[in-house]
Each structure stands twice: as structure tokens, then as C-alpha cells.
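A, B, C and D are the chain letters, set down in written order, and residue numbers restart from 1 in every chain.
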Amino acid sequence: MEQLLTLDDAERMAEAALPPDAWSYIAGGAGDERTLRWNRDAFSQYRLRPRVLVDVSSVETETTVLGSSVSMPVLVAPMAFQQIAHEEGELATARGAAAAGTLMCVSTVATATPGQIAAAAPEGQHWLQIYVFRDRQVSDGVIEQALEAGYSALVLTADLPVYGIRHREARLGFEAPEHAVPAIVEARSRGGEAGGHHSLGLLESGLEWTYVTELVGRWGVPVLVKGLVTSEDAMLACEHGAAGIVVSNHGGRQLDGAIASLDALPEVVDAVGERAEVYLDGGVRRGADVVMALALGAKAVLVGRPALYGLAINGSKGVAQVLEILREETENALALLGCRSPAEVTRAHVARAT
Amino acid sequence: MEQLLTLDDAERMAEAALPPDAWSYIAGGAGDERTLRWNRDAFSQYRLRPRVLVDVSSVETETTVLGSSVSMPVLVAPMAFQQIAHEEGELATARGAAAAGTLMCVSTVATATPGQIAAAAPEGQHWLQIYVFRDRQVSDGVIEQALEAGYSALVLTADLPVYGIRHREARLGFEAPEHAVPAIVEARSRGGEAGGHHSLGLLESGLEWTYVTELVGRWGVPVLVKGLVTSEDAMLACEHGAAGIVVSNHGGRQLDGAIASLDALPEVVDAVGERAEVYLDGGVRRGADVVMALALGAKAVLVGRPALYGLAINGSKGVAQVLEILREETENALALLGCRSPAEVTRAHVARAT
Amino acid sequence: MEQLLTLDDAERMAEAALPPDAWSYIAGGAGDERTLRWNRDAFSQYRLRPRVLVDVSSVETETTVLGSSVSMPVLVAPMAFQQIAHEEGELATARGAAAAGTLMCVSTVATATPGQIAAAAPEGQHWLQIYVFRDRQVSDGVIEQALEAGYSALVLTADLPVYGIRHREARLGFEAPEHAVPAIVEARSRGGEAGGHHSLGLLESGLEWTYVTELVGRWGVPVLVKGLVTSEDAMLACEHGAAGIVVSNHGGRQLDGAIASLDALPEVVDAVGERAEVYLDGGVRRGADVVMALALGAKAVLVGRPALYGLAINGSKGVAQVLEILREETENALALLGCRSPAEVTRAHVARAT
Amino acid sequence: MEQLLTLDDAERMAEAALPPDAWSYIAGGAGDERTLRWNRDAFSQYRLRPRVLVDVSSVETETTVLGSSVSMPVLVAPMAFQQIAHEEGELATARGAAAAGTLMCVSTVATATPGQIAAAAPEGQHWLQIYVFRDRQVSDGVIEQALEAGYSALVLTADLPVYGIRHREARLGFEAPEHAVPAIVEARSRGGEAGGHHSLGLLESGLEWTYVTELVGRWGVPVLVKGLVTSEDAMLACEHGAAGIVVSNHGGRQLDGAIASLDALPEVVDAVGERAEVYLDGGVRRGADVVMALALGAKAVLVGRPALYGLAINGSKGVAQVLEILREETENALALLGCRSPAEVTRAHVARAT
């Protein structure tokens, strides 16, 4: 049997375990998948600069995100429709993340309600990712359920005003399990009609920055904006009250040709300064990637597909396994970098390849 | 059956549909085909910088070219001998372009007269590409026919004073269907002799910038110069009255080693300023490419081979299909870029890869 | 039979000669083996600038290291467990290095005692590489034995506070022959317990720069620090009394993503100035590589795996053969560079590729 | 039968026509053949900037080298032992070069005397390449014969003080046909002993710049120095009276890792100014390469291996054929660049790829 030692192992094992159309949805990107590849390749454009003869007999990977403690600077990114990877879907992911001691960002289009997911892992921490339905009452309902279930922040996805052009899905005829998504079922029951070929047509494509202000003012929890890759938008996010920014291009699934997340990170970090926490999403597969992102100013990273790989392989245990691999690698990278904690990683620990 | 979702699909399907020698003429480039590849590769040297939380509930791809409205910032480039791709040749291309709502630039060495082509798509818009015969009366005759048929601009090809060295054609013995080209038939009937191995030997290799002045002064329609890749020549074009410039290296078919069109675009745009409209020709295969060119200052792009792919696959419907794919991709890219129209794309939407 | 003309030949022959698990330990690197590859690739980022019409009828490869004469600016790097490559292990390596007229740096975790190794090659020169056991008496014992046997310097490995993540070893289940390592046997007999899955868990992970000061003050021989890749640490090494620095990332076996040795060399050389000798370890496979390192300021280079390749192929003779290939290539490269000795190589003999 | 349309065709055909050991000598380079590849790859790092609407109805490839007229800015580089490619060896090459209207640089270690070669192509132009034997009377004898036969310049090879390390030759056991080389036969008959494994051991490795002065003062013909790749040596060449410089790394056959010829060209051109003519040798396979070299300041280029390919395929006719391909490509490239002659090519016709 294949050994699960790395996230690349997990990818191969997950591909073998899943039907092709489900895999096409999970693994694919937009267009020619250039941004998808760049997200990963960007890490090879930087070089770590380890420091030596530092006492690293005790290294901790724990850090805080928006003030809450997590076991590592690695969170689970929001991903839709997780039942396509495993019958227990988000419930298993939540258990896996909790077992690994880190936070899960739950998608609006999860195949379970926010409450069910929280209940599956009562010791876990959760943020709610928000897609905004044209029928605002649907979105508001999901938010209310999540806050009631103890979710501690809202993560507004900003880079899906329309759906990206994803050929892998189209070629294999992937169809989202909409019937299993409470939010979509609710939207349809209220008469919502998809504008396009699938449920994402129910979503609002006219959102503006004022919506961030609205979210910040209304719900009493921190709001993060996810899907920024420019300093201009990072400044707008701060001006509109965001407590955090997730630098992301939606895993290369939206605008093919967009800049890689890691390449955008420094300009966002510089623009934000101390006004908000900056997170990186996209391309992280190794502990060395995690510390690279920290060195370039990220507070933590989010991993999406790798968590689904674990889910597909072995449910909640697979998720925990993948996260634990990343945690161990991060611990090892910190020690070899001469850092006793994520907070000790600085921009001097990384250099651009020449 | 293969799915036609992308222009790369169209390329594969066209290659399968055409005899090898016709394909060699359509697909090939000069020399080692470096410039041919660079034209395409250049797009991967830039990164799109999408902006988010802009209301893109209504995105329009319509734009104007030399003041006329077209459905998208994508025109059909001039290409010779289109009967080699499909028996209906330029007539079908004209119908396809008109169906897609955009303009076709008709070649002097078309396998139909300008009038026939216009008549095939009376609702279409047409520009006339000009090759200058040594016997000027032949060229003048073609221009007169075109203007009579309502063509609205003249596009002087400047980068074919002699024919490029194209080995694919030579190896397979491709021969142009000269008998089907009214302009060539006319030139030969008037005693014209080819200087080289084929009909392009009938053309003038001694043209100078004064010819642009002559065209501008004589025919009463805007004149564009096609085939420039330097700021120096762009300034000369403006000084000689050109209303537009098509940055192009003839699809990599003339001087192998020449700079890629996209790489030349910024210097041309900077040199021209507001004096003329600048177009890009070469390597465009995706909506993301279209917006990249717009970001670097192009008013619109021209696509050549992709239109022929569509023509080869399915005549006028194939042409329209290819153009519609590009239009949809452009609309999607605009929305994801945070732009509601081509005019909203700025240089800040693109960055050079580092 | 395959010809042994280059170190790449030796690599192929050694791989064929060794069992897969031993090979995994010798050849493998950490993580995705990016740093392992970068160590080698870095040499292709520089260009040699040979000078001509210099009288090179007499070229010498001899140089000095810490004042002692060696036959070439190439030393044998410290490597653990050499019996896995050949039953005679370090004894044969010592004989091969001595035969080639150069110095061997002996590992603390050798499969023979320092005294046995020195006795095997009484005419040879030896430095002792130091891993520090948590039980300091074990380390001190090894040092005492070495100094008694005439070893002339101590080389403190600074980049292994914890063990790198090496998947090749893990996948094949490589186990170090701990029973054959006197230092480990001693540590265990004194009740030492490995903190991790193998003997390196016996080592100290809390070392700081003061330990360098301690070594310098206590043993009366020069101390080198091995495993630096930053100017910051190079300055600290000088400040703490190091007589030499080995720029190294442990052959790509520790922190994957770390900068290549050669890329780090210039900043270390600039930081150190005349205060210490700087050595390069990592990626050297050719005489041209040796002179490149000299041009960038190295006093000499260390080769690790290539010596093991020779050992695996043909014991001490194989080691000598590999070293002699490097010496001849270095002599050839010096002559073609217009240099009569290693000392004549300057930074003007190399340029960064553009 | 394969078509001979390009120099790459000629390469494939020659490889098929020759025994492997002869091919190893002709095609191989030193070490890992990095410099051999870089010589070719360097041309892809530049971009041509064609100018349009220039009257190129009459384009001439003729130029002058050291004041003499040749049919194109392409000369035949000196190459040893040409009988290994074809039984008529240098005699056929001389005829082919003469037929193509260009100059041949004859090697000291030709398999015919300078007089025989000149007699084979009385209408041809010849320069003599010089290797200096330790027994100077041998070299002087060759020079005397050449000048008597009308050779018009001496080309001192400066980059072979010792022989490069060429593994292809070694692996296949290539042996030079020394018995067929009059200069070597003479040297041996005078008691010369090779210092190394073959005849090149008869050569002097102690030459210095004063030898250039000596050549210039003694023989009354212009002297070129071949094998420079640095501005420093270019200035020394000028100071010692060289009329010309051939920027070359001996076709990648001497110091592997040395800078590519084309990359070294600009610094040499800048250092030399108007004091001498600068030539480029290495990697030219296309007319586009020729004009690129002209744009970077070369007066002409030399081609070595391609001439041998022609020789191997079809004797003197093959040489002429290869040269005529290059001439036609150069003419085409000049026209498409907007230049009516080699003299019109300027540095503005080329740009570094970004």
C-alpha cells in the first residue's frame, strides 16, 4: 500500500479514490490552469535563509489567529460540496481539523448546516465563509445559524462575482450535489433562480465594498475579505473595517492569468501594515511553504485541496493526518530556520531567487 | 466526439480536418518558429491583477474600433487563401464574423473579391488588408472594389517586403490556390511575373512610408499600418497619417527571432499616445489574453489562425463559434478583473512577472 | 564495462553497486529535494570568464587550508556511517584521500574511531566533524581521541539541531548501522536515549554560539563552523572565534527550500573578509565548479557524495580515483582560465548569467 | 531522401553519414557541454527589432573583412583534421567556400598543406589559423607556406594552451589522423614529443601576449586573436596590435562553463571600439543569428561545424550548399529587418529579452 508521508502522496491517493468527475471539480483550475500552477511554482522563486546555533530544543507551532489560539499557522480553507469527497463531508473535515487543533473555515455552500458542522466537532473552532445570495435573507440566515453555533468570524469571498471558466468540470459533466446543500435548497425553495448553468447563478454579482462595512457593523464578529491579490484592494479592505485579509485567487479556479498568491503577498502585507492580519491561500503543500509565507508577512496559511485529499482517503482521520503532516513539517522547518515559534520568522528568513 | 470548448480544441480539430500541406501553411511559422512560440509564451510573462468588490452584474464586451461599434475587442485578422481551409473560404468567414458581431479584415489575396465577401455578409463590417502589387493598378483595383462595397478602412501590411522562410510549407510542397485569387489572376493577366517561386513575387518590395501618406490622401478612409513592432516605426506611422497601428510580426511567419507582439505592445503604445489606435495581433487564444492586451494599451486584438480553425471545422458556424468562445471568455475575464467594459481595463490590471 | 571518466559516471556506478536503502540514504535530500537540485543548478547560473595568452605551462593545484598544504582545493566532506557504502568504510576513505594528497573531514558518527581512521592513513590529514551529544562527555571523548590522533581542526556542524525530513530514507526503511558507530555505542552505553526515531535523537538541539567560543578556548586547534548560508551567521562565526566557515546546507538534506550553497557564498565571503577562511560544500561535481567557487571567494570546496560514490565502487582506490578526476579537471580549468594556481583565481573570472 | 533546407537538416544528415567516433570529435564539446549549448541558446535571449517600409528591393549580403570583399558576413571557421569528415578534406572545404564567395580560415593542423589548399581553390580567399608548436620552426614553416600561397591574415588561437576535457571523444576512442597532418608529421620528424595523449601535446602552452606583437611585426599581414571572451583580453589584443578579434570559446570544446560567445560579444565590441574588427564564432545556425551578431557589433561571423556537416554530406558541394543556405537566410533577414546591407544593421535592431 502506498505510504502517506507527504501531501503529494495524499493527492495521488485521493485521485485514485475518487470518481473522475468529482476529481475534476476538486483538482481543476480555470482556463489553462496557469494560475493554478503558478500558485505552487511561486514557492520555488524564494529561498529560505536559515539561521543556526539558536537553541531550538523547544519549538512551538502554536500561534493565534484573530486572537484565538490554534495548534499551527495552518487553517482549513473553505471548500464547497465536501460530500463529493467523502460521504461525511464537512462533518468529517470539522472533526479532522479539531483533532489537529486548528480552525476550519466552513463554506456557505457546505453539504451540512453550520450548526451540524459545529456540533460534529464541538471542541473545534470555525469561521464562516460567505457567498452572498441575491436573496439576502438566505445569506443572513446562514450567518445567523453560524454565529449561533459559535463561529467566530466571517470570511467574505470577494473573487467570485461570476463563476470561473473551468474546463475539466465541463468536459466530464460534473454536477454539484445541490440537493445536499441546505443554503441552496433554501434559496430555491424561496423561488431563487440560477442565472447560469448551476447554483452559483443564485449568487450576487453586484457586491461592492459597502457590503464589507455592512457585515462589520451588523454581526459583531471580525470580518475577513478573501480573494484579494492587490495592494489597492488590501487598502480598501482596511478602510472598510476588515480585520483580516486572505490573499487568494480562489485556488486558481477563477481568473486564469491572475498573479500567484505568494507573489501578491508582499505587496498586500506592505499595504496593510498593522491594520489587519494577512493570510495566504494557494499552493501550500509543505512546512517549508508555511514558513516562507510567514517570512513574507502572513499570519497563517489556509489549505484547501490537501484537506479534501485527506477527507477522500480516510474521512476525518485523513484530514487530521494531512494537517499533522503539515504541522510536523512546519515544526521541523521552524527549528531548521532557527525559530522557536511562528512569531520569530521574519522577512530576513527569505530571499528572492536571483 | 471531441468537445469544442477552447481555441486549443479548435486547433486540434482543425488539424485533424485538413490535409497536411494546407495545415502546414496555416499553422507554420518562419525559421525555427521561435517568434511563433514567443507570441504565445509572452502572455505567460504577465500577471493579471484583478480588482474585487466591484459591481459587475452588468458587463459589456462591446467596444469601438476607429469609431465603429463591434461586439467585442476581437477582430478577425487578414489571412490569405481561405479556401484552403473550407470551400466557402472568405465568404464563410465573413458570415461567421458578422454573426459574432465583429469586424473582418479581408486579405488582398482572398479567394473571392471584396464585393463578393461583403455581399456574403451584408450586415458585417470589413476592412481591406493591402498587399501592394508591383503593378499598382492591380492594388488600386482591389481598393476601389472594397470601398465600393463599403469597406471602412485600409490596413497596409508593412512586414512582407519579401516572403519569410517557412520550412513547413516547403517540406510538404504547399502551393497556394492562385487560380482562385482574383487579384493574382488579374495581375498575371496583365503580364505580371512572379519574382520568386510563387505569387507573392508579384508584390512590391520597395515600399516606403510615403506610400502611407499616399493612401491616406487618396482614398478618404482611415489607414492602418500592420506589422510594426518598434516605437520608431510607430512614430513614423503617426507622422505619416496612420489612424491605427496593428502591432504584429505576421503571426511569426516572417522574421524568426523578431520580438513577440505582446512584448512590443507597450513601447508602441507609449510612442503613439493618443495619436492613433493600437491593435495587437499574435498569440491571442484566451479571453485572459484579450484583457491582458487591453491592459497594455491595445484598443482591440486580431485573431487569425483561430478563425481559420473554426472555418476548417464548420465553415461560418465554426468561425462564429470560435469568436463566441473568445467573447464569453473576455466577458468572464472582464468581470473577474472588476471591469464592466473594455474601457475600464488599465495598465494597473497587469504586472510583469518577476 | 562502464568507463569512469566523470563524477556523474561514478554516481551511476555507485547506484548500481549499492542496495536501494543505502542508496536512498546517500543520494537523498530533504523534502522535495529542491535544495539538493539547486545546489547543483546554481553552478549553471554563473559564467566563467577565461583569460588567454597567459603562460600556463606550469599549473599547480596545490593550496593551503588553515595553513596546511593539500594537493588541491578539494577536501572530503564529513559523512556519517560510511560502512554502508563499503565494508572498509572510513578507513578506505582515509586511505583514498591520503593517496590523493588531500584532507578528510571525519564524521563524529563514523563507523570507526578517529584513531582507527588516522591509523589507516598515517600520512593523511584529518579534521574532526562534531555533532554534539546531549551527554557532552561522549562528544568530548571523541574530540580527545581525534586530537590525540593528530586531527588538526574541529568542524562544528551547525545545521542539524533536528533531523531533516528525508522521504527516500523513510520509504525504504533505511536504518543507520548504529551498532558500528563507536560514538553512538558509547552514548547508549551511558544510558543515552534517542529523542526521535533514531540515533540522531541523542544529539543536542539546544546549541548556541557560545559553544563555538567554548570549543575555540578549550581544545587549542582551529574551529570551523559548517552549515551557514547567511552573512548574519558568518559574522557571528567570526565574532565567536571561528577560523573557518563551511558554507553548506548539509547537501540539501536538512531544510528543503534553503538557498543553494553557491548562491550563499558571495554574501558570506563579503561578510567575513579576511577574518576567516570560507569553504563551499554542496553541488561540486566538476573542476569548473571548483574554480567557480574559488572565483566567488572560497578557499577550497568539500565534496561528500562523490567520495562515497568512489568508495562504493572500489574502496580506497575508488575514492582516490574520484578525487584525482576532480584534481585533473581543476588543473585543466585553471589552465584554461589563465591561472597558474588556485590563488590566481579572482572574482573577475566569473560573471552572473544574464 | 531527407531535404536539406536548414543547417539543422545538415547536422542530422552528417551524423547519419559519419562513423560515431568521427562524429564524437566533430559534434562534441568539453565537460557537460554546457557552453556548447549556451552558445546556441544565447541567440534566443535576444529579440530582433525589424523596421518596416524601407525600400529593400535590392539587398546585398556582401561585406568586407579586413578590407577584402566577401559574399556574405559569414566565414568558414578553422577546424582541424577535415579528412575525418570527407576524404577530400580541406581541399573540398576550400572549393566550397570559394564557390560560395567567402573566405576560409585554414587550420594549422589541416590534413593538407596551406599550399595544397590554396591550389584547390585558386579563386578563394584564405586566412591561416595558428597553433604554435613548441618547436617554433614548425609553426614558422606553416606560416611561410601559407603566406607564399597568398593567405591574407594570421589567426592566432589563444584558447588552447592545454586541451579541453572532451568525454565524447574519450568514450569512443577517437584518434586524430595525425599521419595525414603535414604539420604534425613535420614536428614528429624533428623529434617533437607529445606532452599528453595526442598530437596537441606538441603545442606550446606558455604563449603570452608578446607573441602577438611578434607575429604582427614579423609577417606583414594582419593578425587576429581568436578565443577571447572578455573585455580585458580584447583591450590587450588591441594594445598588442591585433587587427581583429574572434570572440569564441572554441565551440564549447575547451572550458565548459565559459560564457557563450554571443553573450561576450557586446563587452568585447565596447572595449575595442574602432581599433579592430570583431568577429563572432559559436552557435550560428541561421541567417537571423548572423544579423543578430551584426546588430551586437560583429563585422562577420564564423561557422565551423556547419561547414563540416556540408563537407560530410556532399564534399565541396555540401559546403557550398550550407553556406548558400546561410547567405539566403541572411539576405532574407536583412530585408525583413529593413536593411539593404550588413552595414545598415545597428544595435537598435536588437533588444535583450526581458
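One rule holds for everything that comes next: a contact is a pair of C-beta atoms (placed from the backbone, for glycine too) under 8 Å apart; a residue touches a chain by one contact, two chains touch by 3 or more.
Here the structure is a predicted model, which is why all the values come from computation and not from measurement.
Undergrad: Hop distance check: chain A to chain D, minimum number of steps through touching chains?
TA: 2
Undergrad: Out of curiosity, which chains are bumping into both chain A and chain B?
TA: In this structure, no chain contacts chain B and also chain A.
Undergrad: Would you mind pulling out the distance in Å between where the CA atoms of chain B average out and where those of chain D do?
TA: Roughly 42 Å, centre to centre.
Undergrad: For chain B and chain C, what's the span in angstrom between their mean Cα positions?
TA: The separation of the two C-alpha centroids amounts to 60 Å.
Undergrad: Pull out all the chain pairs that touch, please.
TA: The set of touching chain pairs is A-B, A-C, B-D, C-D.
Undergrad: Per the contact definition, I'd like the list of chain D residues that touch chain C in the complex.
TA: Residues 31-32, 34, 38, 45, 158-159, 161-162, 164-165, 167, 170-171, 204-209, 211-212, 225, 227-230, 232-233, 236, 249, 254-260, 263, 352.
Undergrad: Where on chain D does chain B make contact in their complex?
TA: Result: residues 3, 5-6, 8, 43-44, 46-57, 286-289, 292, 328-329, 332-333, 335-337, 348, 351, 353-354 of chain D touch chain B.
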